[in-house]
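After the structure tokens below, expect a handful of questions from me.
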Amino acid sequence: MDQPLVIAGRVFSSRLIVGTGKYPSHAIMKAAHEASGADMVTVAVRRVDISRKTESLLDYIDTSKIFLLPNTAACYTADDAIRTARLGREAGMSNWVKLEVIGDEQTLFPDNEGLLEATRVLVKEGFVVLPYTNDDPVMCRKLAEAGAAAVMPLGAPVGSGLGIQNPNNIRIIREQSKVPVIVDAGVGTASDAAVAMELGADGVLMNTAIAGAGDPVSMARAMRLAVEAGRLAFLAGRIPRKSYASASSPLHGVVGS
Amino acid sequence: MTIKLNGDPHEMPQPLSVSALLAALDIDPRRVAVEHNLAVVKKAAYDSALVQDGDEVEIVNFVGGG
Amino acid sequence: MDQPLVIAGRVFSSRLIVGTGKYPSHAIMKAAHEASGADMVTVAVRRVDISRKTESLLDYIDTSKIFLLPNTAACYTADDAIRTARLGREAGMSNWVKLEVIGDEQTLFPDNEGLLEATRVLVKEGFVVLPYTNDDPVMCRKLAEAGAAAVMPLGAPVGSGLGIQNPNNIRIIREQSKVPVIVDAGVGTASDAAVAMELGADGVLMNTAIAGAGDPVSMARAMRLAVEAGRLAFLAGRIPRKSYASASSPLHGVVGS
Amino acid sequence: MTIKLNGDPHEMPQPLSVSALLAALDIDPRRVAVEHNLAVVKKAAYDSALVQDGDEVEIVNFVGGG
Amino acid sequence: MDQPLVIAGRVFSSRLIVGTGKYPSHAIMKAAHEASGADMVTVAVRRVDISRKTESLLDYIDTSKIFLLPNTAACYTADDAIRTARLGREAGMSNWVKLEVIGDEQTLFPDNEGLLEATRVLVKEGFVVLPYTNDDPVMCRKLAEAGAAAVMPLGAPVGSGLGIQNPNNIRIIREQSKVPVIVDAGVGTASDAAVAMELGADGVLMNTAIAGAGDPVSMARAMRLAVEAGRLAFLAGRIPRKSYASASSPLHGVVGS
Amino acid sequence: MDQPLVIAGRVFSSRLIVGTGKYPSHAIMKAAHEASGADMVTVAVRRVDISRKTESLLDYIDTSKIFLLPNTAACYTADDAIRTARLGREAGMSNWVKLEVIGDEQTLFPDNEGLLEATRVLVKEGFVVLPYTNDDPVMCRKLAEAGAAAVMPLGAPVGSGLGIQNPNNIRIIREQSKVPVIVDAGVGTASDAAVAMELGADGVLMNTAIAGAGDPVSMARAMRLAVEAGRLAFLAGRIPRKSYASASSPLHGVVGS
Amino acid sequence: MTIKLNGDPHEMPQPLSVSALLAALDIDPRRVAVEHNLAVVKKAAYDSALVQDGDEVEIVNFVGGG
Amino acid sequence: MTIKLNGDPHEMPQPLSVSALLAALDIDPRRVAVEHNLAVVKKAAYDSALVQDGDEVEIVNFVGGG
């Protein structure tokens, strides 16, 4: 049978990692998290709103079951990402970080130069670094060599819902990587998540595809099943593609032949 | 005296420890992280760390994100 | 919640229909059927081998749980298909038939002219006819008008594993059809089945994708989950596709901003 | 006498009912369907339907298919 | 070198066939026709407007150079198509017809049952019949057997600009067909036309992609070049697809190695 | 009308750049170059074979018409690439270089960290640097900021013939880039080149697709036409994609209506 | 007298040949085709074919199409 | 005396200018580039640049590439 996903020695029962942003309500988020079966969720680190009391996100996450993964979203330099990672560690009581160093507002694609630099610094400080990067096997290898605990290549722009734009790259990244490969960003619907897993990905991370769906809770369940389906299909070994047909029923013994 | 709190000016009667500042702001210390003049303040140091005139303080927490 | 699949008044708990051909062994077939959760399986009608005793396929199908759907595979004329359907009814004690009138050996694509003719005849004789046809909305409508209980457009050539070649057509067929739409043939792996369901299909029928997989039982389970995932995603309502990114985390309140 | 059974010539000592033919062939009647001169034979008629010299008989069952 | 396109014994210098509908003006149409290099254009047969004089389409087509192909667009029955074909022959002084029997308003997909019937009738009456049909190898074979001078499978819905939705089917149609294969409908831009030709099509027919372009004349020229490019590439023989790289420059003799 | 391609102030009459490797013979290469219409070709810099006289590549390139672009293929470090670029300048009497710093043997994808470093050094030395990089808008921007005269994002792995794997990225790179964008590597057949140009690319560079074709000279001509077609289509403005049909012929005035 | 012309009623003083009808309508006979009571009229028969009360006539020409 | 030429040992009777070396190797100087101890040698310096025992020399030219 399949082994569970293990990152930096920590075992996860689910290969689906979900976000906490953009849900219609905290209550719906909580229900979606349960439906997704995820045991790791990403959170953002932001300034407390001094002016008014707001209910805490954490009141809607059962941290006894769900592991928090702080991200450095919206950081455009290695320094800001490092600073945010340190604050996230202090707030989260864990040394894990989904490392983002953004290079472009329109695509939210990473600045890999800054990402590599921040990864090196944070690994030295004892962080478990999960960098969000391009679907580039070379950069994924360098991040792993820099000490990243996993690599998180993007499937398509964050929130675009375009699905895996370059399956060949994801497949090659998986073939070459010595650390777990989590496809992050770009999933739009269940089949996209299945495709990512069929390419060999060790896991999938998504936020908008669930939070922005018409019914986030149903979509969360769909994603849970799709990730499991894709993983099973990858392990089972699919049939080869052929340009022509090959009959499913015997050609002999047909009546009247 | 004035400090820079989360990027904005903030008035304080006199220097306060981080603990006292959080209390004054009615913020639960368990769910935030505090940066004092660009250095993260460990929770153990909340009582001793003194925020003075002109200091920069960032108080952050977790919000929804992806 | 979702309604179950209903064809000709018969309720099916699963939207996945599987075949019985090309398995490594009857025992593996039986295990794969269980893993698939299917409660309808297709069977072919062929001459008994007089020369030697062979163990019966039916010894490996629990017909108290699984409904048998005889097909007319390898029939190249309406007459042969009608004749085979009648024999299938007598052998199966049911009046259902997966109607195939094949028009070409290389693609195993249907001869829709003959298919329409055979459908009209068999419907008159009280058969519940499920015709295997092209991904053509017009032909699907005509088959329904001729009394077909469901239409089964192909996703790709039988056994090709190419996946849904023309998603737009399948979507339109579903939008226009007054009877259930079962995507039949062409599925290669789990994500293909999910795609079919996300397009709105009421069910998916497959044989080779499971029977020919490295591990048919795991693939059967993958297909079960993929069909469920695709259905849920279709009902939940996916996010729209965008060419650019849209952030999952708030843009305001970033430290140091 | 000879019949055409599943497309091939088949010798029989004398005319037989479908039931007798199936018995002679050691075939379980419950799992097959029989066509006699292009007409399906209902199971109820297996005893009465008489297969004679020159008749065409098809005996089919279910096999694996998609 | 390549042979020219020959249909029913008539030689065409261009493999691009264009329409005459939906242009911003007759003058732009004329210029686009010249830029396209086409020597066959389709026209529709419609009632003369009794109420007012309108300038004739034919004033903008040099019929000494361009062959007119009347179509039976908007006919929903074999009878209407046959009737329109006869009128077209009388108006056009030629016995060619682009035969359309439409089966559905939303997709404008053909009613192949009616199409086959009309083809048989018109072939008997001495027409050169070019039927517009689905991307179905079986139906294409039957139309050819019924006497069609060429078959015109659709690439995508008329005017949709979606491009060739099912390349595998077009390729197989070409491999099996004994008459010329003209891909009709669905082309959106130049690369779509090139793809059709690379699949082996003998020609491409389009209207909206040119008439509806921002600059119809430039697009007409683009289509001319794309059809030529696709044809040349098909004849030249493309390189095989590989999942990995193969170097273009020598691996030995590198400085400092 | 269209402006010509201008890189670093140099005007090129063709938007197609071709290679000089892997041809069946120098004579065929020369004929293919003429058929391609290219006025810039890439060459590799390698050690002279001391042991035996070999005829010079340059005897088959009319350098009065064709501009030589030395590459740094097979260099795996910034230092080797810089060293090779300097030698190429001395041998070629020009200060242009197609800069390659390879990061992986299997994909021949670039090492963007080394590439950026080498670009900065060579730009300082007065080189006109055309870096071969990923289809990453952020890296392309950084290379341009570092002084690259153009950016050359890859469409797919070198020699793979897979075509443009991520059209959305190429389109975005073009929208954002302040310097010319040349799609380099991955083209397999004519339509791939047309697609690249339709996405807005300023040019396309290829080697294997022509040199490895069954008939390199015909394919070279096909590529020339495809690049021109794609460019024209991009400038003309394609029709929008629709999921349903829109008629090309009038719906009114149908006979018998 | 009234005929049905291109689907609409059309008044005529008296029976007319197809040629005369086209002339009356100011239509160039070379660029149209005429159907008279569901049968195509050959151009050679335009003078002889007589359109009478109650007849159905279709006059068509080529327009832009795809 | 021995130099390292294009990565391999190469014997020379005595120190030679780059020009002399190329001539000895029967290589047309117009179509190559020469690196002497890791520095590119300008064509103008071919006569003056002296290759001595233990030197490293790279002589390159253009070959087919993509």
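Letters A, B, C, D, E, F, G and H mark the chains in the order given here, with residues in each chain numbered from 1 onward.
What we mean here is this: a residue touches a chain if its C-beta (ideal position, glycine included) is under 8 Å from a C-beta of that chain, and two chains touch if they have at least 3 such contacts.
Keep in mind it's a predicted model, so treat the numbers as computed, not measured.
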* By the touch rule set out at the top, what is the minimum number of steps from chain B to chain F? -> 2
* Which listed pair, F-H, A-B or F-G, reproduces E-H with over half its contact pairs identical? -> F-G
* To do: Report which interface contains more C-beta contacts, comparing F-G against A-C.
  => A-C
* To do: List the centre-to-centre spacing of chain E and chain G in whole Å, with centres computed as mean CA coordinates.
  => 33
* Asked: Just how far, in Å, is the C-alpha centre of chain H from the one of chain B?
  -> 69
* To do: Give me the residues of chain C that touch two or more other chains.
  => 19, 21-22, 44-47, 71, 73, 83, 87, 106-107, 109, 157-159, 162, 168, 172, 185, 207-208, 211, 243-244, 247-250, 253, 255-256
* Shared-contact residues (touching 2 or more other chains) in chain D -> 6-7, 35, 58, 60, 63-66
* Structure fact -> chain C partner, complex, touching residues on chain D are 5-8, 10, 25-28, 31-35, 38, 40-43, 58-66
* For chain E, which residues are in contact with chain G within the complex? -> 19-23, 29, 42-48, 50, 53, 56-58, 68, 70-71, 73, 83, 86-92, 158-159, 185, 205-208, 211
* Would you tell me which residues of chain C are touching chain B in their complex? => 247-250, 253, 255-257
* In the complex formed with chain C, which residues of chain E make contact? -> 103-104, 106-107, 109-113, 116, 134, 136-139, 141-142, 156-157, 162, 165-166, 168-169, 172, 176
* To do: Please name which positions on chain D make contact with chain A in the complex.
  => 6-7, 35, 58, 60, 63-66
